[in-house]
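So the structure is just underneath, and the comments pick up after that.
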Amino acid sequence: MIRRLAWYWLLPVAAIAWEVATRSIGAVYFPPPSTILARMHEMWFAGPPTRLFLTEEAAGDLLPSLGRLAAGWAVAAAAGVALGVALGRSRLLSALVEPLVHFGRSVPPAALLPVFLVFFRVGTPIQLAAIVYGVLWPVLINAMDGARYVDRQYLDTAQVFHLRRWPVVLAAAGPKIFAGLRLSVALALIMMVISELYASSEGIGHRMREAEGSFDIPAMWAGIVLLGILGVVLNGVFLAVERRALRWHRGRTAA
Amino acid sequence: MLEISNLSHVYGSGPSAHHAIEGLNLSVSEGELLCVVGPSGAGKSTLLRSIAGLIQPTGGEVRIAGELVRQTPDNLAVVFQDYSRSLFPWMSVAENVALPLRRKDMDKRQRRAAAQEALESVGLEGAGKKYPFQLSGGMQQRVAIARALAYRPTLMLMDEPFGSVDAQTREDLEDLVLQVRGHHQMTIVLITHDIDESVYVGDRVVVLSKAPAHVVGDLKVELPSPRDQISTREHPDFVHLRAEVGRLVRGVERTHA
Amino acid sequence: GGGGDGATAQEKTTLTVGVVPVPSSAPLFIAEKNGFFKAEGLTVKTEIIQAPQAVMPKILNGSMDAFLTSYVSLLAINDSGAAKLKLFQHVQTAAPGIASVVVPKDSPVKSAADLKGKTVGVNVLRALGQTVTNAHLQQAGLKPEDVKFVAVPFADQLTALSTKKIDAAWLVEPFLSAAKKDGAVEIIDTTSGPTDGLPLDAWGVSEDWLAKNPKTAAAFHRALAKAQQIASTDREAINAVIPTYTQIPAETAAAMKLGQFSADVDKGEFQKLADLLHGYGYLKAKPDVTTLIPARIG
Amino acid sequence: MTKALGVAGVLGFLLLLEVAGRTGLIEVLPPVSAVLVTAAGLVVDGVFLADVGVTLAACATGLLIAIVTAVPAGLLLGTVPAVERSVRPLVEFLRPIPSLSLIPLAMFVWTDSQDAKTALVVYTCSWPLLINTMYGLADVDPVAKDTMRGFGFGPLAILWRVSLPSTAPFIATGVRIAVSVTLIVAVSVELIAGGAGGIGTFLVQAGSANRVDRMLAATVWAGAIGLGANALFTAAERRLFGWHRARAGEGA
Amino acid sequence: MLEISNLSHVYGSGPSAHHAIEGLNLSVSEGELLCVVGPSGAGKSTLLRSIAGLIQPTGGEVRIAGELVRQTPDNLAVVFQDYSRSLFPWMSVAENVALPLRRKDMDKRQRRAAAQEALESVGLEGAGKKYPFQLSGGMQQRVAIARALAYRPTLMLMDEPFGSVDAQTREDLEDLVLQVRGHHQMTIVLITHDIDESVYVGDRVVVLSKAPAHVVGDLKVELPSPRDQISTREHPDFVHLRAEVGRLVRGVERTHA
């Protein structure tokens, strides 16, 4: 545990360098980390111990945001893997649908707001839709590519023994699927923020937008840093899951 | 059981097309153990893949029990030449062996027992929990054999199944195949490069020509049963047949080289 | 304007100006069209912006010189302390019928009082829309907290409104007419009554910029003021330039209801706006608007 | 054949939308046919073409810079575990920061809007390239690497001759993801921060004028450009990695 | 030339640790062709990987020309048991063979010519432009051999290099190795399961025990040179040695099984 934490040495080093640099330059848009941390503390972590030191604002901002993040990511990951594998394995389906996929993933979610507004109510539903829409693509593309190029020998083996193809394809495409999922975790955080830029009244993204609008630059940075920390935490969780799922892969390819 | 008529297979098209098999005729009767020998690159694996329905012949047809092979037929097992890539790296050895048994009417415990038994029969009782990459080449090959045996197919196709094991293990495995064949009504097509082996295990030995492959020799092996590594190999018919197959193989090499 | 002699002494001759693609930016294009800038020895480049908040970094690092801003944004930015902005040239004052709260066709919401607990879309939170709506809500006996405001870009509000994804929307022209044509019902005219005559938008610059470029500022101001004069008297001139920098078709431009284009801002109304904003807690400090108006330019 | 099916798929989708529009399911938006007519009209609209040019310039430069920095970085992280473990927290810290939140910072640092936009494009599309490169490296067959080591090749040669080619399909997937990301970032930045031109500023203008048909038409073009770019990169991939397709049992 | 003293290798650690090699001593002199035989899973490939510096022994040491092997030594070539995965799928056959030659002082034309020559020597003159997946198993194995031969190493390690080719080709390749060894001063360690082969090509045959592997037999082969597939195999010493090695191998199997 301690050994693993030791690998995080770069974060404090970077923070100190950042502190020194910002203090010496003193640009408005780059407050020193100490200021940012103070602001974070004040905004979110100055609550009573009974509430795990979370302020009311933190409960009001973080929990809904994280809830949407989790739900949106789960839906997008499941749909992305399922659709991607289906597209990767079925030539007919991919011929029919792939152009739409590449079309869809190039459209900025922000520009799709009017279309979303037709189908989803302002608030959580539309935000969820935006998260799912944004996160879906890298998962789908990686799953599709992974499923498309499975070593023929595995497929032949499966065919001969009349095994169901899906498990074989899924496992063989596993490394690529996980690459997509790993991308998607950070992307889900991003989409969570973006989905709160419009049509929302709470959430981390909303708070960041507000901070930006009122030039509370430390608060804006507080949001950025919070996202970073969430990213590190979620990635840690993700890697732990991945280590289990791809155990075979690590053992086999470790030279 | 197995009827191959006028089979052809061409890889690719245009000027770079490669004729692997041309006008090959062959029939295997129920319960027979047919050995196929022929030069490297002749088209043996291609033939096997056609029988298994993994590739569609570009000409002629393959019938199993009278039915045209379009897809992979039921109750078939294959031991691939490239055994290391035919084991799923994401599963333990025991899981690899037990996997095809899901198609059988067996519960989990039965599957596990059958896998364990098959692994024991190839001398890998302790390896069930390991992953394929943790095994030596020969051990991996034996896992592939165990998987096919545990499945108890009615038709078994084996592509150089004993190429990576030592002499002693090889003999043991040859006897294992003969024994399994005797117990469970099973038709076997076995590709080998070892002429002695082809005569020792085969009921019949077919010699293929260089590519494009066709049958240049078809010998019935009539050696006393049960076969035995010492006495069978000393049998005058064995020595005679072995020389005969050797001549045919060498003839192929010479005429086409 | 004594263009010729000024040009030699000007601190800079090429200006980058942030314009919002709405009718309020028209005077700048009238000036350009009539060669007022050229006469002052200035070259004006425009960049499309949504709101000055988004381009503050550019203003702070000097890569943007002036910009169209609402009075609300001007006050908010100054209040935040991120920059000191000055009112450079007034553009438009509110007049009845140019910004309203509307509800869908057969909405149960019939009046301001019915908005209790409803979701109202505005283009930007804690800005003009919310402020003027609040003023009318108070008149109807509601508190600002009784209504939930959400930020949705104007164009998308129409969709949200007709599919009932929001209960009401605060809209300005040309969205207002479009909504009404679609059957939406106006329940509050937010630029009438207590909020009639509030200043809407203006050209803004930073205090720094003004101090560093007095001659340029003077020249630029002369050109803008001249165009503002034209805009305040000649509606045709506005109609003519709108299609050149927006995507509003000529017919729509001609039919749009606009506020009052006048030479100078009414300081009393400006202060009233500031007080309203402060009253709702959108500004931390109660500002004295005279400090935002430079004594003289140039 | 494949192309015909693709066209059929797109047409079917459009038809579906059109029917939905006509039958009142999504009556509030202009019907697809109207949007497509407007989109077609934009092809001869010089202003729009110039906007597209501005956006694409930022995308292309950004993608190029990202490829030449993120792929080598991924190779480094993927081959030197100590570096990977040290840098990983920092990378994971930076990745979830939305480029949109960084717009003010970028605009403060780069005085030219186009440069700021390009910088944000680089920032965002580096991640898929980096992550895919790292996962690709983890997927290299150890026997292949041992083969090179057996012949006495050094780590660099192994990287160049084995790891890179066998990682290439992963990188290619990363590039194809990055391509559409560049477009999304560039347009979104223009949408929020404006600028002297670009598809995003076009959207701002259309939005302020309540021209939903033009907004959707420009959106359609953004999608179409992404589709075209993908086709381009897929074709390049086919040429470069024919071995990969041929060896693998491609979807049946 | 090659000195292996007290070599041990343990895979993994803890209760699941596997002792593949334990206390193995072996030395090979310059120009010698050493054949290694032993049961499947003994630790032969592990031994070879240790010599090549691909894995670090967990005990003991390997020295080549007096120097401790820490990294892969120079002028070494390996033919891997898993040949199909050791060919690079993104390169044509000729490119695969020519690749290691980049380490030599050769220009492109020379490399190409050397690759072509090596391919011819293994009977694959026409296959240079193909990709590995377009070849049969035996052909792929021959490409791997050609690659090692073209490299002209001073030490060549071959792990069952002829396991996938037909009898005739196998004999040709055996002779090819003998001939190349004669022309170019080369030390060769060849792992094989074929006892006849080990005696036919080897100057010495070493028999390994079951895992954990150590040397249980070390026989000098003193057959007249040059060797010849017909006369050498009929030589009384050959018959005797073969029986001897066979006994050793079988002994290993019995005692440990």
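By letter and in written order, the chains are A, B, C, D and E; residue numbering begins at 1 in each of them.
Heads up, the rule we're going with is that a residue touches a chain if its C-beta (ideal position, glycine included) is under 8 Å from a C-beta of that chain, and two chains touch if they have at least 3 such contacts.
Predicted model, so just to flag it, every value in this text is computed and none were measured.
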Name, by label, each chain that touches both members of the pair subunit A and subunit B. none
Most remote chain w.r.t. Subunit E, using mean C-alpha positions, is C
The chain pair with the larger count of contacting C-beta pairs, comparing D-E against A-D, is A-D
Distance-maximising chain from subunit B - centres being C-alpha averages: C
Averaged-CA centre spacing for the pair subunit D and subunit A, given as whole angstrom: 17
Distance between the centres, which are taken as Cα means, of subunit E and subunit A, whole angstrom: 50
Quick one: subunit C and subunit E, Cα centre-to-centre, how many Å? 83
Cα-centroid distance, subunit A relative to subunit C, in whole angstrom: 37
Residues within subunit A bordering two or more other chains: 28-29, 114, 118, 151, 154, 156, 197, 212, 249, 252
Send over the residues of subunit C in touch with two or more other chains. 56-57, 60, 153, 155-156, 159, 163
Mind pulling the subunit D residues that touch 2 or more other chains? 28-29, 104-105, 108, 141, 146, 191, 212, 215, 244, 247
Can you tell me, using the touch rule above, whether these chains form a line, ring, star, complete graph or other shape? other
Every chain pair in contact, whichever chains are involved: A-B, A-C, A-D, B-E, C-D, D-E
Spell out the part of subunit A that touches subunit C in their complex, as residue ranges. 28-29, 113-114, 117-123, 126, 197-201, 209-210, 212-217
Spell out the residues on subunit D that touch subunit E in their complex, using ranges where they run on. 141, 143-144, 146-147, 149-153, 157, 161-162, 165-166, 168, 241, 243-244, 246-247
In their complex, what parts of subunit C are in touch with subunit D? 18, 20-22, 45-50, 54-58, 60-63, 153-156, 158-159, 162-163, 174-175, 178, 246-249, 252
For subunit B, which residues are in contact with subunit A within the complex? 49, 52-54, 72, 74, 76-78, 80, 82, 85-86, 88-91, 99-100, 102-103, 131, 133-134, 147, 151
Per the touch rule above, subunit D residues touching subunit C in the complex are 27-29, 103-105, 107-108, 111-113, 191-196, 201, 204-212, 214-215
